[in-house]
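As written, the chain order gives the labels A, B, C and D, with residue 1 at the start of each chain.
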Amino acid sequence: MDVEEAVSILIPDHAESLWVGGMHMHNVPMALVRGCIRQSKRFETLYAAPSASLAADLLIGAGLVERVVVGYLGFEHLGLAPAFRRAVESGAGNLEVVEADSGSLTLALQAGAWGQPFAPLPRGVEETSLVEPPSPFYRWVTDPFTDDIFLAARAIRPSVALIHCQQADEFGNGVFKGSPFTDRLLALASDVVIMQVEGVVSNNQILKYPQQTGVPSFRVAAVVPVTFGCHPTSSHRYYNYDDVHLRLYLQAASTVEGFENYLAQYVLGPEDQEEYMRRVQNQDWGAIPEGGV
Amino acid sequence: MDVEEAVSILIPDHAESLWVGGMHMHNVPMALVRGCIRQSKRFETLYAAPSASLAADLLIGAGLVERVVVGYLGFEHLGLAPAFRRAVESGAGNLEVVEADSGSLTLALQAGAWGQPFAPLPRGVEETSLVEPPSPFYRWVTDPFTDDIFLAARAIRPSVALIHCQQADEFGNGVFKGSPFTDRLLALASDVVIMQVEGVVSNNQILKYPQQTGVPSFRVAAVVPVTFGCHPTSSHRYYNYDDVHLRLYLQAASTVEGFENYLAQYVLGPEDQEEYMRRVQNQDWGAIPEGGV
Amino acid sequence: MSDDYKPVLRPGSDPLVFFKYPGADDASAIAKGHIMAAAMSRALHDGEVVVMGANSMLPLAAARLAQLTHAPDLTILAGASGGVNTLVEPLAPSSGDYANLVAEAVLQFPEVLMMQMGGRTDVFFAGGLQIDRRGNCNLATIGPHDRPELRGPGSAGLPWSKASRRTILCTTAHTKRLFVPKVDFVSAPGWPDGQGQGDGPGPSLVVTPLAVMDFSPEGNMRLVSLHLGVTLEDVKDNTGFTLIMPPGEVPVTPEPTPAELQLMRAFDPDGLLAIVV
Amino acid sequence: MSDDYKPVLRPGSDPLVFFKYPGADDASAIAKGHIMAAAMSRALHDGEVVVMGANSMLPLAAARLAQLTHAPDLTILAGASGGVNTLVEPLAPSSGDYANLVAEAVLQFPEVLMMQMGGRTDVFFAGGLQIDRRGNCNLATIGPHDRPELRGPGSAGLPWSKASRRTILCTTAHTKRLFVPKVDFVSAPGWPDGQGQGDGPGPSLVVTPLAVMDFSPEGNMRLVSLHLGVTLEDVKDNTGFTLIMPPGEVPVTPEPTPAELQLMRAFDPDGLLAIVV
């Protein structure tokens, strides 16, 4: 299945929730994310965890997210998330921010996968500002064995998960050639899983090394092969992140106009990945800023 | 470290709780279990889950277990657990049985690993006899997000875990050549982890394939190399279970005298694994019963 | 130390040696195991996800047969081993056997439970020491729970049966001791009062060495067909409660087709299906 | 498609190109990055388990240096990538870099959190947009939370800092904007009233481009040493609250030994430690 088809068939125009795989600037299925933006898919809730970056920032900047639950949304050593910043600091667009943390969000995802109603949390969040004033993400629960009270997070079963594996067979048995990050759990927990891959391998290859299968096919609704599909983030063992392009994005997106230009040039403009990569490679190097963020 | 040393140094004479790795008649670190029995280590609580077999039955038969929390304790197609049966059906030995299930026990173990106080359970146990009359294992908890009530299990952090990996380096980076069963989680959750292995590989070998490391060394207190150490259970890819010996055990252990004879012959008698294997190989084949259990 | 898989420790050992009986060597015969596997196979639909636990040689054979015939997109989660879509090369008696890892993926066992308890499977296979007319299964204790006459292995994954869309019960015996009016302990819940087949998750099929049964809309066990050579009396004499009868004459359970038999013999070269019952 | 790792997509790209400044090429100089990594390295003990999250190049260098010198049995959990005991070959700027998987094991990220939150680590590394005198860290928002002046990335794994026996705070800047009297939002809790160094889990060390600090028994940040060439005035002028002063003259942070420098340069062939601050 190609990007447009997978996004069109498998993601409703107004989906309940989205969780994008990968972490920081690694293994993020960007071709699928750009496809969602091209098709104006709206998401009631976006989970930005354990560490979201470009995918979340683009979706928020494009106005396709109503509520973001934040564990971490930034660009690590490269800087903060410009569209997210602007949405929150300006208040424009009415983005609802639910302040949370990456540990609780991951536990909530795991609870969702098991069919548990909620996840009691270890001690930790009590001493932070996350519960004062209370975030809707956390509630107190009484341990029925000790009568002590603990914080808890509601279980999460994302209605849509986008993940990246370096390889998969045509059925969706996916292989992480590098880190699995949180994406095996994500695939086990979510209702609809779309898997973007760099290359398709034979089922025989999968059967040879079943212990290396990171995502079993029965959890995967579609396999979407896209070469350099994670660009400008990395695909472990295939290519590193493109810091030049990321830097270009961070600078461009620091203004509304720059963000819209970026969107037109690299997301809405290119009708497919080939055209996207052509534009990336023809990028105006003179326009690349010298300084940091 | 050898079996006697690891058991002697790392396991207190009266330990709080024990969870033995492997599943059914596979990957059970029997040499370590026999070592525990030889040294008369007592365990306040034994977790028999997800599927316990010979290790649990021997420990119970030897009178070293005060309380057993049962998910599954049997021999699959080979039959029921004779020493466990006798202890419960006769009431001799005052074995306390806590009736539970393998799913809740595994969730409880996972909760322990995360530092969660308890694990709320999906719907399921409500309709069973496990909660009527109430088992101390389950309690009702109110979901703070919906006010619905759910059953819950208290988190488990075993004080001692015995596991088997086919290979490990000297530091305890262990590799499962076949199924990991529940043993990666078990190693992450438990206070003291003793790892029995078939063979020791170099740290370089581990560094070559880090994705294949099933148990990271920082969770492992001791690596104990024992050839054929899982006998009579299997070690995936090294040897299958010895159904002849298991059948011998099941028949012998069906009486107190037979169990004591087995213990003397195969557990207390042999001072080490070499002597144990000699006795196994010199086993009187004429004594092997023809029928089933 | 070699990495080669040594299927048995020494020549005298054979995983199923003590199950062996004369009929095992008769390759031409259609055994109960074949009939049962084929019957369960036909109850599985393409695209479904099935999960099984301990002692599941027959369900595993059924699921693999379904994959090889009408349900190529069936997913098999072979519990204990964690093998996903094992090729069953060959069929092995223990659910945790390494043979089950000739597969597309290997789940950690907690992940198998996660998929089952989290409701990501369609069919769960169960059994028990006792099964009653409502489809309740008991794998824990017979007699008073505090001092039972028979201490079974425990409830294992049975309490989560209704997290799957339906449950198929499979037993290698059909006796009054096993099919009782009411189980002494509920490990897997059957149909509660007022519910029955069609009312959401619950037991949907029972396959034994004598017959195939399902449940009425009122939730009582109902005879569907008798295996070849089995009489209605055989079933009645060996069932501890009154089964609901189908209208008209009770049909014979369809025998495996020659193609099905050939497939089963191909993934079961040791003939275990011929001797398991 | 080749499996070879392509470290950069095209020749013009370099993960740290925009950090580069003239000093990066001077291999003989001891840079702030070296001093900071060495200072943190000495605070790690043999046998400990350390865990780190985003933006942890300096902590990773410190931990690897400790392993290569006085703490061979230190365990490094390199968050994001999940690498356990990465050889740091070479040091990379992103915590999720594939370079961190030249390691002894790879944990799924949920397992890294499990070990951290489950209390199986000794040292956690943290930082923030703001750090205050009690060691509270803020990675969420500056200004009113509902309409902040600066929206940061979020609290990430910081709320679980006290699940580790102690926390080391590391920053690549030392300014009044960062070191504030009181954080606007607590992502990682510092010392509550009435507690301080020695009272169980909490922040134990602060390492910045200017100085090393710890906390008093009352839980207030205390100057330990000044890096070479840094004056007390530099620190005071760039700290938004009054630091507790050590008795007598403030010592100079020990510089890395030649052996330590050689080791750092060996696992950091690109000289990132020379340019990170």
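Keep this in mind: a contact is a pair of C-beta atoms (placed from the backbone, for glycine too) under 8 Å apart; a residue touches a chain by one contact, two chains touch by 3 or more.
Small disclaimer: the values here were computed from a predicted structure and weren't measured.
The chains that touch both subunit B and subunit D are A. Averaging Cα coordinates per chain places subunit B and subunit C 26 Å apart.
Computed from the mean C-alpha positions, the centre of subunit C lies at a distance of 56 Å from the centre of subunit D. Taking the mean of the C-alpha atoms as each chain's centre, subunit A and subunit B sit 39 Å apart.
Within subunit A, contacts with two or more other chains are made by residues 107, 110, 114-115, 122-123, 211. Looking at subunit C, one finds that residues 83, 101, 106, 113, 117-119, 163 touch two or more other chains. The touch graph of these protein chains has some other shape, matching none of line, ring, star or complete.
Looking at which chains touch one another, you get A-B, A-C, A-D, B-C, B-D. Interface of subunit B with subunit C (complex): residues 23-27, 48, 50-51, 70-74, 76-77, 80-81, 84-85, 88-89, 91, 99-104, 106-107, 109-110, 122-125, 127-130, 133, 177-182, 184-185, 198-199, 227-228, 231, 234, 236-244, 247, 281, 285, 289-292. Listing the residues of subunit C that touch subunit B in their complex gives 1, 3-10, 12-19, 54-55, 57, 80-83, 93-98, 101, 106, 108-110, 113, 116-119, 139-141, 145, 147-163, 185-189, 192.
Those residues of subunit A that touch subunit B in the shared complex are 107, 110-111, 114-123, 139-146, 148, 150, 152, 154, 176, 211-212.
Contact residues of subunit D toward subunit B in the complex are 49, 75, 83-85, 87, 101-107, 111, 113-115, 117-120, 163. Listed in rising order, the residues of subunit B touching subunit D in the complex are 112-115, 169, 171, 173, 188-189, 203, 206-207, 210-211, 213, 215-219.
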